[in-house]
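Before anything else, here is the set of structures, which you'll find just below.
Okay, so chain A shows up in both of these, paired with chain B first and chain C after.
So, the complex of A and B:
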């Protein structure tokens, strides 16, 4: 499989080279890093408390004191938005880990063991037949709403997307001669899957994981907006938009800023995912460089 | 099982399901390999030679294929005779690599592109011989030296794409030999290599066999390679063996029209006295395994076919010495 071969040869240097050459990608990665930094060090970056209520300063427009303005309780919006980033980015990341873990297992089993492939494939199809948000809401209401159920629910929703990619790549890799060579040497099946198949299907999985990160942030915001996500005391981008929509006439910034953060983070992730795909797929690499 | 036999395949039948129908890719194949001997399994694409080797390794893809009958008796290192066709997969893993090793046709894809050569060789060593990481690497280096790779200590750290096709095939041979197998199955090991490298690899295999005393089952369609490598030959056609004998006998006087046809296809092997100047080619193609002709399966393409050939299929009958032919008119070939 020349794709993985190229990927291995170029390694991270090739990835970095493409990132550097494409300024859009450099910019989007910088933005993502900045968001992550703000989310992690929110308490340290912002002079305000996210929960301090000041009735006298409610619904103030953006100013030098309150950069993004204040909400209906006089809380500082900037602090709440970057804290919301902490929740959204973390839930997104955990969702990626969850769905990549189970999706990879499911997909490799389906792709490698032909006998269960039919079953795995039907399960994947059935899960993909549900609309994402609807399935997530159903799962969350079954699990009781909390941050961890959001992760589990979104993880389940996106598992089939990973599984499909893992299955398709496994189908290709299992036919390669080095898999037979390993079997002929008496390497146990679990080890073939782990040390020969998995590394060879990892590039498409990483790309898919990046896209799922973007979807998960969007879906988490949607769930919080609908009130089906994490509890409303915890600031999230979707939750802030939900609370702010009553004041859309008087204080539209309550929706602008969290909306902007959602859009920019999702867009940056998509760009990064595209770039990764270009680097890891040699057929597209020429365009990339 | 015969005292000096290492492997005896008896009446092996491997079937595949295709389009809802069952057909035999290997149908009643029997042969034996003695210790230290090289047997060549010769035939066109689709003759069942590769399926035979996959059956011995129990690597027939299932579904759609499976071993439907017969026995594959193998004398393991402990001296016990096991039927590989019925061995549980767990024990089969000990046999694979440990007692029977295999070399494939495509040296380009037989190595995992993501791992260094040394790691891949030592994987097998650690698996079967329980050595530690460091000892296994040292052993891998020794093996690379054994297969005449220069600077073995350096090459351990190469990735497969850094090696040429011939070098990769040497690495594959080193991997195959890593656990001192008593039988090496080589499935067209030189087909993908260019001619000078082919000769080097064949030389290497011969000298390693002399040194280590293993038996080789050599699968090929190349009669030139057979003449160079094999002690005995089994010619396969449509899932059956149609002729066997020592290489010298079979080459000097083929006793089946198919073998004869194969030899006439090769420019260098036309003996004096054969009048034809044009290179012979066997008319037609291998029959579809699901629609085999009645009687002798080769009859429709045979120069010697007569109406009687379409009756019962001839047996693989002894024709004196160690020779067998599946032709009613073998005397006339």
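So, the complex of A and C:
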């Protein structure tokens, strides 16, 4: 077993140990897993159809039959909220993958190659000057609204945030002796970046990815609320709140449940991100444990 | 000092140039044919061609880019396609007041909530008050602003009747009446964004409270509050100011959603309606102006360090 693998295993053990010790973090991860489970197995978990319209049962409050009540078309809100979770959590996860992939490449190029660093840095600065939701909504309008456009738009919006972290970490790692040694031994640059730089900058990137997951869920909800996200036929947390806001006086549960699901999932992700940062940052590790 | 200002100015111009380039790419290059996209699927080829010619889209991309930059330098952000062909800059100027006032109210709320709660939290580290403050701050940062806005509107406006439910007052309404309409949205936007200030104030103060000069201050018998306010907080001001600047920039984005929830006729509302109408000149102009304000706020924060910390010299 290589030293890197041993280190990685030790690192993950430390993460798991801290997660177990901090009960709040354990609880938040359990909530996230439960939400993911509900989202994946929504069709089996709920006996109701998310699209079946029953005019006679419209705007019913929460009951043993309809746990979260029903919406303006008599559809079961619990089913729609957990299906909304499927859309929101999936879009969030794909946004993280998109932004981490391109952000890491951009950041490593900026951090490793001094000649292009100035350009990369200016691009990052310029992209970060646009408010998240404003740039996302504009990109979606030019890409035409769809779930994949939301992923691409949010991915582009969050790529500079990953790139900034990747660039800063690469700037530190590239000055270390083992990188010089690899260069002297004639290891190709792409291999130095992939095998030596990337594993050593992965910790801050994982932490940043966790926070971006939280921001992406909030941003997706905002876009769906504004009617600029995925198609209104697909249930999303933001879309359900948008549709339910005109019944806020008569049926406040239409707003409470999807909003609570957004807030709890974002809260849990932020807690998980904080815990990961504490464990992965050597300065904070002692305090965390 | 002069050389720093010069460097900072050059950096700002470079970022603004990149901002303009990104805007050009987003509204002119990615859509393929912006004219067809703006007019929708039912437009005839003649209509599309006429709009392409009017917007200069029939020219090469390089020519369009140079024209875009030269217009920008002259302060010409183009004309709206749908709002009677009015100049974008004029439209933005007309919509600026509610957005600027909303942002200012929100930043005052965010600071008034964030800084004291961060101080209390840091001064009682590990206590119930500390844990409650951190949890509430994280909860506020996790709640979608539109959701909190709707909840506040339902409770404070509809049920208690303390605030108007939406809008910006009748045309020609008194300034105070207009501000009354912005009070609740400003409170919501400020509360949601206070979380960052709370957490940052707490972390910065905790760092400073472990410094030697704080131990010295305590050793000479100074009370805990004078230690925190006179020694720790004053030294935490620079990092706190940085995060206040960042929050101000975040508020510009937050205003887009909040203005829509409360139906405030500001720049955010304009952007959302322009996106739904695909009025690209207005979208592009708004992006440029808001990003420009963000860059200027960052510069102002850097320069403000000089005023609040005599040790900072550029």
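Keep this in mind: the second predicted complex is superposed on the first by the 280 of 289 C-alpha atoms of A that agree within 3 Å, B and C clash if a C-alpha of one lies under 4 Å from a C-alpha of the other, contacts with A are read in each partner's own complex, and residues count from 1 in each chain.
To be clear about the criterion, contacts are C-beta pairs under 8 Å (C-beta built on N, C-alpha and C of every residue); 3 or more make two chains touch, one makes a residue touch a chain.
These numbers were taken from a predicted model, which means no experiment stands behind them.
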Partner chain in contact with A:142 - chain B first, chain C second, else both or neither: second
Chain B versus chain C as contact partner of A:152, first or second or both or neither: neither
Chain A: partner with more touched residues, chain B or chain C: C
Partner chain(s) touched by A:196 [first = chain B, second = chain C, both, neither]: first
Contacts of A:240 with chain B and chain C, given as first, second, both or neither: neither
Contact residues common to both interfaces of chain A (with chain B and with chain C): none
Touching residues (chain side chain C, partner chain A) in the complex: 14-15, 18-19, 21-22, 26-27, 30-31, 34, 37, 138-139, 141-147, 150-151, 154, 158, 249-250, 252-254, 256-257, 260, 271-272, 275-276, 278, 283, 286-287, 290-292, 294-295
Touch list for chain A against partner chain B, complex: 1, 4-5, 8-9, 114-115, 176-178, 180-188, 195-196, 199-200
In the complex, chain A residues that touch chain C: 122-123, 125-127, 129-135, 137-143, 214, 218, 221-222, 225-228, 238, 241, 245, 248-249, 252, 255, 259, 262-264, 266-267, 270-271
Touching residues on chain B, where the partner in the complex is chain A: 57, 59, 61, 63, 92-98, 101-102, 104-106, 109-115, 123-124, 127-128, 159, 161, 172, 175, 178
